[in-house]
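You will see subunit A twice below: alongside subunit B first, and alongside subunit C after that.
This part shows the complex of A and B:
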């Protein structure tokens, strides 16, 4: 156990089943995220990692099982109420609004917020985390490089003042130098108090950053444990870390 | 700051004073137009092409509908091929509430018509508002089942509703024996706008009175649309237009936001429809064909989707050609000995205009700011720059790190 970390569950998935038409995509996924943690979900393409996130944020509803956030059942809640409740995300492929400026994208992140007074402070905080974004603030998001776009996507999610941050493949398609930077930032965001659920294909980097991890295979959780333990697990090493 | 940053800043803040000056000038010109139209008609060469005040009313009505349609198509990015349904709903509301259609009853409310005359006669001003509200409700009712669809599917279903409404009014003369719409003959006459006993239609300057009312309605529409564009709702529309899934992930309630765009677009269509019905004193099913929907859509695309100034320009231009421009040109051609009547080929001509504009100015005559920047600097449709260069640092990285 990570000593000193509170052990309260902020997010609990219990036996979640998701279907795409007749395709049984998630076959009973159970996982938890506790206060203050970085939890990573690793696995191969098509294992169901992104589907799990889509079940959490309400874009695909679970047909069976339950999802609880801070004790409230959000299994069938709509995406906007879930965002309002405090779960923000940086979606797979970043999905910025290409013809909005960086600032406008960040403003969209705060769409469900009703408090205006902390807005500027939060924007400043994002610019502090990502000075590059400040330089590009009036630029259209679609014209930035992939790394900058990923920064913008994470910054946009932070603008919601999330109680839980979902990151879907933040390292996808990025230059190694940006991957390092992104994971550094994820740790920093977490150190400032936001729990993070991190979906990654880059298992090595993800396990380095996370406290705990889950390994997914074909719609099921195959393994779970402390990140450090998973890193030394033989099966994980073989399948995901490229070590023999 | 980058070149693009400067450009964006310039487009946004710079030239704002100039924009206001141009807008004020155009409004002034629009208001005094009936006074100067005769002088304009005497100008050599262009004089014959100056639209009369009557024609201007029709042009403005269609422009107003185009600006309303722009909320749906331009702002929210929802392709609506059945906007004519809202126009029809507005016109028939006027027919029901300000004519002798329901002769079984005799009711007058702030109308110059006497209480003992048959039919329902609300004040036409009130009818404009009621038509707007009624059409908004129609828009919500049509929107709720259809807006769950995306892209092409939505377009096809709106096309269906655009056909249902005119068919309904054409066949609505015997709904269980009740004559709701007077069938193919339509409802006519419809009351004129009036202040007390000052009835516009009976005045010698009736065209001018309707014209100024139309200008006021268009200004109101434009004002509302500008305010909406800059509002939280307007930003949500743009977000849905740019990326629907991302918008949902940001907490934009998709159905509610899309339905609002439909409802607001419908409102202006309804008001314009009721006004037009009062102007020409009738609502006829033959006016509500599919080609009107496409015609309005052409105005929006020609002017520049999402750009209010562009849509006004596109609306006035196509409206002018439709109302009298083409026939004036035809007369000129025949005077010159060329036997060609452009009015016979009007939709072919509009089609050619739209194709030419799409080829040379794909974002419209006056593009919206977002599209304008895209045209100047380009947008990476596939933003995986790093992947393409196989992980190499970009020029930008080099200059910053």
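This part shows the complex of A and C:
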């Protein structure tokens, strides 16, 4: 167990099965995220990492198994009620609203919140994390660089004041300098108290940042453990870290 | 390299033809203006007014297309039905006649406007719920065919209730002049239409740009799935969009009824004209729909109202739908639209 971290489960997936039509995409995924943790989900393309997130956020409901968030069953909840419950996401490929400004995108992140009086303070906090976004605040999101868009996507998720943050491939397609920066921010967000479920293909960076990790293979969890342990695991090193 | 040159040559040939055509039209307009300037401006004002009415119908097409990528062919028929119901409200329910005092007429019109806009926002949202929502994940051809089906259903509801005769209301707002300067005049009945249409355009623009729900509409239009991930209730947002489109159709129905006769099939042709306007401006683009509608209104008015070599009203449909074909061939994204991967 992680010393000094509370061990209460905020998110629990139990034997989750997801189908795309006839394709059995998730074949019984079980995982947990505890308060205060960064948990990473690594694995090859098509292993089911994004599908797992889509089961959590309600876009693809699990046909079997259950998903509990803070003790409540959210297996068949609608996406907007799940966001309202406190799970926010920065999706794969960023998925900003391209013809809306940075500020409007951030506002959309806070869509489910009713405490409008705190919006400005939260937006300021996002701009503090990403000063670049402040410079671009009135620009349409679609006209920004990939790195700036990724910052905006993470900022947009933070605007929900999430109790759990899902990050899907935040480093994808970014220059190394941006990748470093993004992981630094993820650690900072976590240090401020938000648990993070991080899906990454960049396994080395992800395991460096995370407390624990799960390795997915063809719709199943193949391995799980402390991030430091996984990093030294021979199979993981061979398959995902490019080390011999 | 060769194909690039080929494309360049082809596009410049197309450009030249297009420019030639536009130059010819401008020349024709200029000659007409010089020959009879006052008449030219009068005709232009009629075109602007009709264009504004087409505009609020076109906006209904364009916001629905923006959010569902669906051409809601039933929209024109919802417009026509709203006009017919408005005639019942004005003539039978309120019993207004042209002799009533001005406050009574204005009050009655505003009341009718509110009632019809509310009613048809529900009608349109219900149509979406019943006919389009079950097909949300079907291939795009399925809801399109359903929309044509709904169009016939709405038209036949109008036919069943109101029969084949045209309906009209008394001339509440007399076509007397608001102003007349050197032969250029504008009448009260047209101004009344603008007094309804222009504030509605302003209200819609404000709603879409400034309000939380309006921004959600834009978000869903741009990325439905990402909107759901942000906690936007996508189904509710789509319902609201249809409700707004329906209320705009209702407002257009009343404004149209005050100037023209209507019957069950009035919406078919006006719907197609408004659809053309939406495509001309760039379907999915709000200012584009209004711009396209005003251009179509002007084209129609100049065609029917000018005296020097105007083709006349027999040619209006040919010209309007000829424009539709030309845009679809040469500029499918419309005047203000953006090129999308789908090319629409």
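The definition used in the following text is that the second predicted complex is superposed on the first by the 244 of 244 C-alpha atoms of A that agree within 3 Å, B and C clash if a C-alpha of one lies under 4 Å from a C-alpha of the other, contacts with A are read in each partner's own complex, and residues count from 1 in each chain.
Just so we're on the same page, contacts are C-beta pairs under 8 Å (C-beta built on N, C-alpha and C of every residue); 3 or more make two chains touch, one makes a residue touch a chain.
Model, not experiment: these values are computed from the prediction.
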Original post:
Between subunit B and subunit C, positioned on subunit A by superposition, is the outcome a clash or a fit?
Top reply: clash
Original post:
So, A:101: does it touch subunit B (first), subunit C (second), both, or neither?
Top reply: first
**OP:** Answer with first, second, both or neither: which of subunit B and subunit C does A:132 touch in the superposed model?
**Re:** first
Subject >> Residue contacts with subunit A in the superposition, subunit B compared against subunit C >> reply: B
Original post:
Can A:181 be said to touch subunit B (first), subunit C (second), both, or neither?
Top reply: neither
Original post:
What is the contact status of A:49 with respect to subunit B (first) and subunit C (second): first, second, both, or neither?
Top reply: neither
**OP:** Would you sort A:212 into first (subunit B), second (subunit C), both or neither based on which partner it touches?
**Re:** neither
**OP:** Applying the touch criterion given at the start, work out whether A:34 contacts subunit B, subunit C, both or neither, answering first, second, both or neither.
**Re:** neither
**OP:** Based on the superposed arrangement, let me know which partner A:143 touches: subunit B (first), subunit C (second), both, or neither?
**Re:** first
**OP:** Determine, under the contact definition given at the top, whether A:231 touches first (subunit B), second (subunit C), both, or neither.
**Re:** neither
Subject >> Clash-bearing segment of subunit B, relative to subunit C, as chosen among 4-12, 292-300 or 382-390 >> reply: 292-300
Subject >> Those residues of subunit A which subunit B touches in one complex and subunit C touches in the other >> reply: 57, 59, 78-80, 83-84, 89, 91, 95-100, 104, 107-109, 111-112, 156, 160
Subject >> Interfacial residue positions of subunit C with respect to subunit A in the complex >> reply: 212, 215-216, 218-219, 222-223, 225-234, 338
Original post:
Which bits of subunit A are touching subunit B when the two form their complex?
Top reply: 57, 59, 78-80, 82-84, 89, 91, 94-101, 104, 107-109, 111-112, 132, 135-140, 142-149, 156, 160, 173-178
Original post:
Can you name the residues of subunit B that touch subunit A in the complex?
Top reply: 1-2, 4-5, 8-9, 232, 235-236, 238-239, 242-243, 245-254, 370-371, 373-374, 377-381, 383-387, 391-394, 396-397, 400-401
Subject >> Sites on subunit A touched by subunit C in the complex >> reply: 57-59, 78-80, 83-84, 88-89, 91, 95-100, 104, 107-109, 111-112, 156, 160
